[in-house]
Structures are given as structure tokens and as C-alpha cells.
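For reference, the structures are reproduced in the following blocks.
Here chain A shows up in two complexes: once beside chain B, once beside chain C.
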Partner chain A sequence: MNEIELLNWARGPGLTYATIFMVFGLTLRVIEILSLGRPKELAEVRDSGVRDGWRMVIMRSLPERRNWKRITAAYLFHVGLLIVVFFFIPHTQFFRDVFGVFWNGWPNYIIDFVTVVSIAAMLYTLAQRLFDPARRILTTIPDYLAWLVTFLPFVTGYMAFHRLGVDYTLMLALHILSVELLMIALPISKLTHAVTFAMSRWYLGSNNGRRGIHV
Partner chain B sequence: MTTSFEQGINTLKRVIDAPIASYFSSCTRCGLCAQACVFYTETGDAKYTPIRRVEPMRRIWEQEYTAVGKLKKLIGLSKTVTEQELEDTVELAFESCTTCGRCSMVCPVGNDIVYMIRRMREGLTAAGLGPKELRAAAVRTLETGSVMGFPMKTLEAQVRAAEEETGIKINIDEPNVDYLLLLSSAEVMQFNEIIAALAQIFQEAKVTWTLSSTAHEAGNPGMHLGSSEIEAAMINKIVEAAEELNIKNVISPECGHAYMAIRWEGPNVIGRPYPFKVYHIIEVLDKLREEGRMNTECCDAERITFHDPCQAARRGGVNEPQRNLLNMVSSNFIEMEDRKACNWCCGGGGGVNSIEKSEPLMDKVFHRKRAQIEMLDVTTVVTMCATCRNALEEGAEKNGMDIRVMGLTEVLANRLLKEKKS
Partner chain C sequence: MSQDKQVLAGELQRHGISRRSFLKFCTSMASAMALTPAAAVEMAQKLSTIRRQSVIWLSFQECTGCTESLTRAHKPSLESLIFDFVSLDYHHTLQAASGEAAELAREQAMHENGGQYILIVDGSIPLKDGGVYSTIAGISNLDMLKDVAKDAAAIVSVGTCASFGGLPKADPNPTGAVAVADIIDDKPIINIPGCPPMPVVMSGVLAHVLTFGIPELDALGRPKAFFGDSIHDRCYRRPYYDRGEFAKSFDDEGARKGWCLYELGCKGPITHNACATIKWNNGTSFPIQSGHGCIGCSEPDFWDMGGFYKPLSTGTSNPGQWAGYALAAGAAAGLASAAVNKAAKAKADKVHQPVTIEDMGKK
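Right after this comes the complex of A and B.
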């Protein structure tokens, strides 16, 4: 298999398999959660909690006022990830081809800058994991692997864009394959939080809301 | 109650619900919860990182309720929870956690760790690992009707003393009145001025109320222990008393965990809604203030601050009434920097203050509270929870802090009295 064939496989069957696995897997994870059910609240509530549930889903995405210094790296990485995935022009073209929806991408120099910041932020979070005792004690090998499969698409994408390292076609194939690896990891690792974060926040927010706690 | 390791594991399997599954699914092990936990910040010991306290439960969830976890278990990547691990978790779920819930204020994915700790304790107790002090308190409460184990006649004596002091008749087992008042053991034994204080406030406001001879204890060690059975038995006593006396409103006293147990957990542990409403005493007093039924003298210029008890404020939703009331009687009420839902724990709640082994740790974590108070240069710290009050008093004494600690009801009664005297 040469580079062209590898790229074609990554773009074609590889992407299909990874997508099926990701969608099926994440759906299963959500069903696994919901099927456990939530006990009916028998105490007289102050509020339905629906508003506070949604509020929590949204508000916890904003930087935390109190601890902003501590979450900067992780926060930057998440923002960077969303920008790069959805606003790099070739990515917007991909989404147009696949889903038929199109929005304007951002100039390459911005994406390039965001990528560098995101890579730096990810390295910083890795350092935190290795050196901060509270994080280190929690982290398991699958967590480091989850970091790695999130890191690889950034690095391969950056290298492909700047024509670094191996031949461009091969690098692009590697980039797409690394994204597929990430898609496969999503439902089987802590990366599931990309979907379930909304559920956990909702449960906390709505529980709070029922008790009249509006934070 | 028979206990065994298997029962512990089965209980843990049973208590896992959709919220818990979503919390474990979302946790990224980011460790931010540590920064919010007074036991971590004051000791620097990573073992106190909040989410670690429920690790056995996480593994049970993964192995029982996820396809990935089942596969991991099958190929030996995920080990089943051992008896030793449950034993090791006692320290983390009971001895060094006040269930204050500050961790859930910073968790990026919104994990309610105390929701899980509460159920982790349920599993540990079912495995026979509940701390002996909490078990003893639970048994004592069931047998005597009071957490501290005093008989009804002790309360009767306090009631008579309050009657003599105020000249107001205090009802016991009076049917068809507005409110049934519950008291915590600490209020009967240590902070008994509350009985006279309330008698006066209620007399002024023309509120009718009673105590119950069968259900006067608001404290509920069953909740701390993680025994829904014992918690429900205590709650049922209150429900029966209120039903028998035909009372539509029950007052939970200045006690954070009592409020959590009777107001929020109660109907869920007994499995049916109440035929009455439950209020924290401070909610009732604030209602009287709003209706203009409490005439107090304004305003004391002493510098005072307020300590929000975690179970009443952050987790119970009583955040504004205490402020309305303090501002009514004080012209110099100063807020702590972290307050309401973000307040730092006193270090004594969740049963920690009754576990002997935890005392040195409690002393250590009090330093956070001390720093918070000393920053404000106040003379008085007011609170609305007997456990917080004890922790604050002890902490102030051990650290040579020149502050007075008071219950909010007492503060209000003092201002009420002055007006009557003048």
C-alpha cells in the first residue's frame, strides 16, 4: 500500500468504520446511563430545576471566576480544539461535503496560531498531570493514552499544513488516521465526557435548582 | 442489621443511578476538585482529592453498568473491588469528608461528588465498616429518641427553665398549632437559650407552636452513617408526630444536616411525600420579618460576619433569609469572601466531629476558616447550625481567636429583648 492508497483508505472505509464505531459507541454510553434511571424526587421542590439544569450546562463552560489561573491551560485547549476542528477551511469543506452545511472558515494564520497555543496548552496539562500530586494520584495509563490520542491530530495536522517531516500525502493520511483513532477512543475512554458532560452538569444543576440553589 | 462484604458490594451496585453513571462517565481526572476541598488545601495530601473517595464505586459502576468495563473485567484489565479497598475507603468517605459539597462547585463537568459519597457510605455501612461512633449515635438515637441519648425529661427540664425565664408557656404535644418545632441535641444540651429565644419571638409574632415528646430530635445520624433504614425510622417518628398532632408545618432547627435529612432526604427515604411542609427555622423567622411580625431594634454596629452551613446553604438552598435577618439587626454585617454556595466548611460536619480519630485533622482544616474570619476583623461570627457553631467555638478557642460565636436565632432574640426592656 502506498501513500495514495493509504490516504484513500483513511478518507474512505477508515472514516466510515470510525464514524460507525463512534456513533454507535457514544449512543450506547448514553443509553447505559439513562437506563439506570433517576429516582423520583418525593420532597417538595422549590423549582422544577429545568432552568437551572440548562444553566449549569452552559455556565460551567465559561471560565471559572475564582480559579481562572488554574484552568487556563485546559480551558485554552478546549477552545482551541473547537476552533481548529470547526473553522480550519479544509475542515469546513469536509463538513460541507459530508453534511451539506457550510460556514466560513477562519484565515490560516489564526488557525495556525490557535494550533500552536493548543499544543502548548496540552503539553502544559500533561506536565500538570505528571507533577501536580492531586492530578498524578488520579491519573491512570488509559488517561495518558487519552491525552496522546487527543494530541496526535494536532501534531499531525500542524505538520501536514507546514509540510514538515514525511511526505505531505503520507502526513495527511496519518492526520486523518489519528483523528479516526481519536473517534474510536471517544466512547471507550474518559473522552466520553465530550458528550456526557452535558448530562452530568444537567443532573447537578437540576438537583440544585429543585432545592432553590441558583449558582 | 446484618452486614457483610457481599452486602456492601450489593448495596453499592444498587445505589448507582443515572446521575452517578453520568458523573463517572464524565470525570476526566482533572483534579480540580482537590482545590475546592479543605482537607486537601490544608494538608496538601493528594489522597484527599474528592473524586478518589468514591473509587470503589467507580469500578463497580464500570464493571457492572458499562460494556467497556465488562470487557475490561473479562480480560483482566479491571480488578474487582476487594474487602481491603472498602476498608481503606472508610478513612476517605467518613473520617476526612464533611460532605460539604464544595467540590461540586468547581467540577468542570458538574459532578456532584457528595451525592456519591452519601451512597458510598451506604455501601460501607452495609459492609459493616461504618465508624463506631456514628453507629453508636444511630443506635442511641433510635433507642432514646435523642442523638446524645438524653431522656425526654431532660428536655422537659429545659422547657420549664425557659418558661420560668420568659414567663411564656411552652407547649408539648399540643395539636392543631401552626408549627411543630424540632430541636437538635446540641440545642437542648448546650445552646438551650434557643428555646427561650424562640418562645419570645413566636409570642411577639403570635405564632402557635409545640414540641413533641415522641419526636423532638431533628438530628439524624442515619444520614451520616449511610443507613437509610435508620434515617427513615427517625423521619417516620417526626411524620407520625406531625400527623397525630395535625400540624401542617415542621420546623428544622439551627442544624445543617438535620435540615438536609428532614427537608430533602426524608420523603425519599420513607418513600412517600409528606403531608406537611418543612422549613429551616431561619426561613420561618425571615417570613415573620417579611410580614412585619418581628419587631427588632436596629441596628447593632458591632462588626459581625456569617458562616453559611454547607447543608443548609450550599446544599439546602437557604441562602438569603439569614442575610435579610442580619441586615435587619446589624449595620455592620460583613460578608466573608467565599460565602453562600462557595463557603469553606467549618471542618466538623458530615459526622466528622463525632469521629474521635478525625480530631487532629479537624484542627488542621480549621485553619482555612480561621484565615477567612481573621481577614474580616470581626468580633462575632454568626451561624445557623449547631455543628458549625461547635466547630467554630472549639477552633476559636484552640487558636486563641478573640471572637464570639452565636446562633442567628439568639442574635435576633437579643435584639428583640432590648426593645421590650426599653
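Right after this comes the complex of A and C.
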């Protein structure tokens, strides 16, 4: 298989398989989670918990003050990820092709800068897991794998854009394949939080509220 | 034929071509292939003393576009290449002989120059159903290729069809078309892809083969001198790409300003060819300069890249449609799983026996 064949596979069957796996898996998981419902309340319910649910969704999305370095890194990475995925011009072309909706991308130099910042932030979070004794104990192999499959699209995309390392065709193919790997990992790892984070926060907050704990 | 006429110097003289023009040709070829200035002189020396090279040209599943392109080579013209450098012993389109006489010419050239002739192929070779989809004089392309390749010194695959299968190989490949290199593996093969290939590339490679032998090739068998860079790397519109300035349609302001054609499906970033540097029609222009994106014609399977007007960053299949199916299937599976879980929960509730304080005190 030559580079073009690999690229054509990644843009064709590879993308189809990854899309099917990701959408099927995420839908299945979300419905399963929702269908579990709540456990039976053994004590009297004190509040509907709706307000506390929404509060938790917002509160947990705002920065804490405990560890500003980690939080900055986490914010930079997550915001950077969203910017790069949705505002790099070739990516907007992809979304227009799939969903038929179009929005303007951002200039390449901004995307380039955001990518570098995101990569640095990811490396920082990895270093923390590796060198902080408590975090190292808490980190499992799947955690490292989740980090890796998120990191690879950034690096391959950056290298492809700047024509670093191997030929562009191969690097573009590797970039698309790395995204497909991420798509496959989404429903079967903790990366599912990309779609469940809001509902799990709401659930936690409302549970607290129902028990009379108002944060 | 006198000895003088068998070497190129004599032949050129006979055609009234001055040594000055010949040297100019060698210099332009050497420069096109990024050879050193000394190589131009060496090329001139070698070419002027070289004996006429026998060439057999086989045309298989092709459209004659390659021949059309090559006969319009500006520097040097193919006429000068064919009649001065090489002895084109067999070529369907260009030879005067036809029918059995043509086949006889081929066999004669094979017999007389066994092991020394260069075989040029344009067109792909159909393998399906015993290769019945393309035959010449009742001989299948496969058989003829094997037969002629057997005693060839080297093979030059001209055009994307011969190099990679090209248009006939496009999905669903009804004739089972393959490239020359898929069949022949014991001869040096130079691929000169393009739909059509650039005339100057063809002339340059032939001149190189005649003087210095097989040029340096990339992983796909293409001469690096011409296929080393991508169109994108050498494109004069590249600064617009880097700045993120793209034409959105073929007649918008961006298009008029000459912005990058990436969003209109340009395949320049993954296409290796010399169009952006040498250009076509005597160095006049090339597709991107005339306002159309590169279609990637010198790459394998360029016909199956999802469409000429789809950006490179999009899928070639229809992932949106598949996502819809997957969503429906995922929802069905999720509901089924919910029902199973609910049943299990109900069953557990049914057999559940509350434990009292008294029970816990029992031994």
C-alpha cells in the first residue's frame, strides 16, 4: 500500500468505520446511562435538585483556585482543542461536507499558535502525571492511552501543516488515521466525557440538591 | 547507412541542427533535472556520440492523450527526439505501417536489438476475463507486454495509466486494469505519470536514460528530479494558503485575486509533479495559474479521491449518512440494553429480602 492508497483509505472506508463506531458507541452509552435512572431515595427528598444540577454544570466548568498551573494547562488544552478542531479552515471544510453548515475559519497563524500552546499544555499535564507521586499512583494505563490518542492528532496535524518529518501525503494520512483512532476511543474510554460531562455534572449536582446539599 | 548517420552528431548535422542549439537543449534538460552544469556538457558529449536507440512503444488501455502531449514537447520537440535520438521502431499512432506489417516491425526490432531496446508503455493492462478487454493483432495486452518486456533493457511507463492504472483502474475497475509495474518485476521501470505527463519530463528522462542511465527514482518509481516536490510546495499561490486566504467559488473576489484553491478541491498538497515550475505550453501556464485546482493526475488512484472539487480535508465516502444509520442503530441498541437492565433490576427487586436489625444479630 502506498501513501496515496493509505490516504484514500483513511478518507474513505477508515472514516466511515470510525464514524459508525463512534456514533453507535456514544449513542448506546448515553441511552444506557440515562436509562439507569436514579437509585431509590431512602430518605425524604428535600428539593427537586434542578437548580443545583445546573449550578454544578456551571461551577465545575469554572476554574478552581487550588492549583492554578494545572487548571491553566487543562483550560488551555480544552479551549485549544475546540479552537483547532472547529476553526482550522480545512476542518471547517470537513464539517461543511458532513453537516452542510459552514462558518468562517480563523487565520492559520492563530491556529498554529493555539496548536503549539495546546501541545505544551498536554505535555505539562503528562509531566504532572509522571512526576507527581500522588497522580502517578492514580494514573492507569488507560489514562495514558487516552492522553496519547488525544495528543497524536495534534502532533501529526502540526507536522503535516509544517511539512515536518515524512512526506506530506503520508503525514496527512497519519493525521486522519490518528483522528479516527480518537473517534474509536471516544465511546470506550473516559474520553466519553466529551459528550457526557454536562449530564454527569447535572446529575451529581441535582443528587446533592435532593439531599439538601446546596453548593 | 553510413557510420556517421548512426550516431546522433551526424544525424543532427544532416537535419541542419547547429551544435549551439544542441548544447542549448542539453543545458535546458540538465537544468530541468537539476543536474550540474558539467553534466550538461557530459550529456552533450554522450548524446552526440550515442548510437540510435531502438524504442518500442506499446499502447494499451489509453486515450492517446500521452502521445498527443508528447508530440507537443516544446524543447526539444518529440520529432527531434524520435528522429534524432531514437529509432522508434513501433508506435501505433505514429508509425506508417499498419496491420501485420506493424507487428512485423515490432518483432524485427525485438529480434535485432534484443536486450538493448527501451520499451515505452502507455495505457493500463486489463487482467479480468483473460485480458479480453484490450487486444492488439489478437494478442492480449498482458501477453504482448510480457513478450516485449522480456528482452527490454529498461521500461518507461508513460502516463498515469501505465504507471499506476489510471482512469481504467478507477473504481470499480471493470476491466481489472493494472500498471506495468504490477506485472513486470525483473526490469528497471521508470514511471512518468500524469494525465497527460509533461512533455519536457518525458524528453528529459529519455535524454537522461540515453546518457547517464536510469535517473534517481522515488518510492513510486518516478524520477525525483521532476517529481521530488509537490505542486503545493512550488505553487505561486502558496502564500495565500499559509495566510488562510481561499477562493470560495470560481468567480468570487478571492478567485479574482488569485487566492488559494484548496477549498475548491485543489489536490496540489499531495501531488508530485513539475507543473508549477516547468509549466505547460512552452512554459506559459499550468492549471492552478489558469484558475483551476490541481486534480492530482500524477498520483495513484487520483480518480478515486472523492471528486475533483472536494477539499482534501473532507471524506471520500459519505460519513454524514453513515452517522445517521449509526445513530439509529445505537439508539435501538441502547433501548434494548435499557430494557434488559430494567428487567434485571425488576427481578432483583422481586427477590430482594430486606435485612432487619434483628436479622443482623442472628448467628
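In this section, the second predicted complex is superposed on the first by the 186 of 215 C-alpha atoms of A that agree within 3 Å, B and C clash if a C-alpha of one lies under 4 Å from a C-alpha of the other, contacts with A are read in each partner's own complex, and residues count from 1 in each chain.
The rule is short, and it goes like this: contacts are C-beta pairs under 8 Å (C-beta built on N, C-alpha and C of every residue); 3 or more make two chains touch, one makes a residue touch a chain.
This one's a predicted model, so the numbers in the text were calculated from it and none came from an experiment.
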*Check the residue A:Leu28 against both partner chains and state whether it touches chain B (first), chain C (second), both, or neither.*
both
_Which of chain B and chain C A:Ile213 touches, first, second, both or neither_ = first
*Just chain B (first), just chain C (second), both, or neither: which does A:Leu172 touch?*
second
*asked:* According to the stated criteria, A:Leu36 is in contact with first (chain B), second (chain C), both, or neither; which is it?
replied: both
*Intersection of chain A interface sets (partners chain B, chain C)*: 28-29, 32, 35-36
*Which of the residues in chain A end up touching chain C in this complex?*
2-5, 7-8, 11-13, 15-16, 19-32, 35-36, 89-91, 93-94, 97-100, 105-109, 163, 168-169, 172
*How about chain C: which of its residues touch chain A in the complex?*
219-220, 230, 232-233, 241-244, 246, 262-263, 269-270, 299-302, 304-306, 310-320, 322-323, 325-327, 329-331, 333-335, 337-338, 341-342
*Would you mind writing out the residues of chain B in touch with chain A in their complex?*
16-23, 25-32, 34-35, 40, 44, 46-47, 49, 51-52, 65-68, 104-112, 115, 263-268, 271-274, 277-278, 314-319, 338, 341-342
*Of all residues in chain A, those that touch chain B in their complex*: 28-29, 32-39, 41-44, 46, 56-57, 60, 64, 66-67, 70-71, 74, 128, 132-140, 143, 187-188, 190, 192-193, 196-197, 199-205, 207-208, 211-213, 215
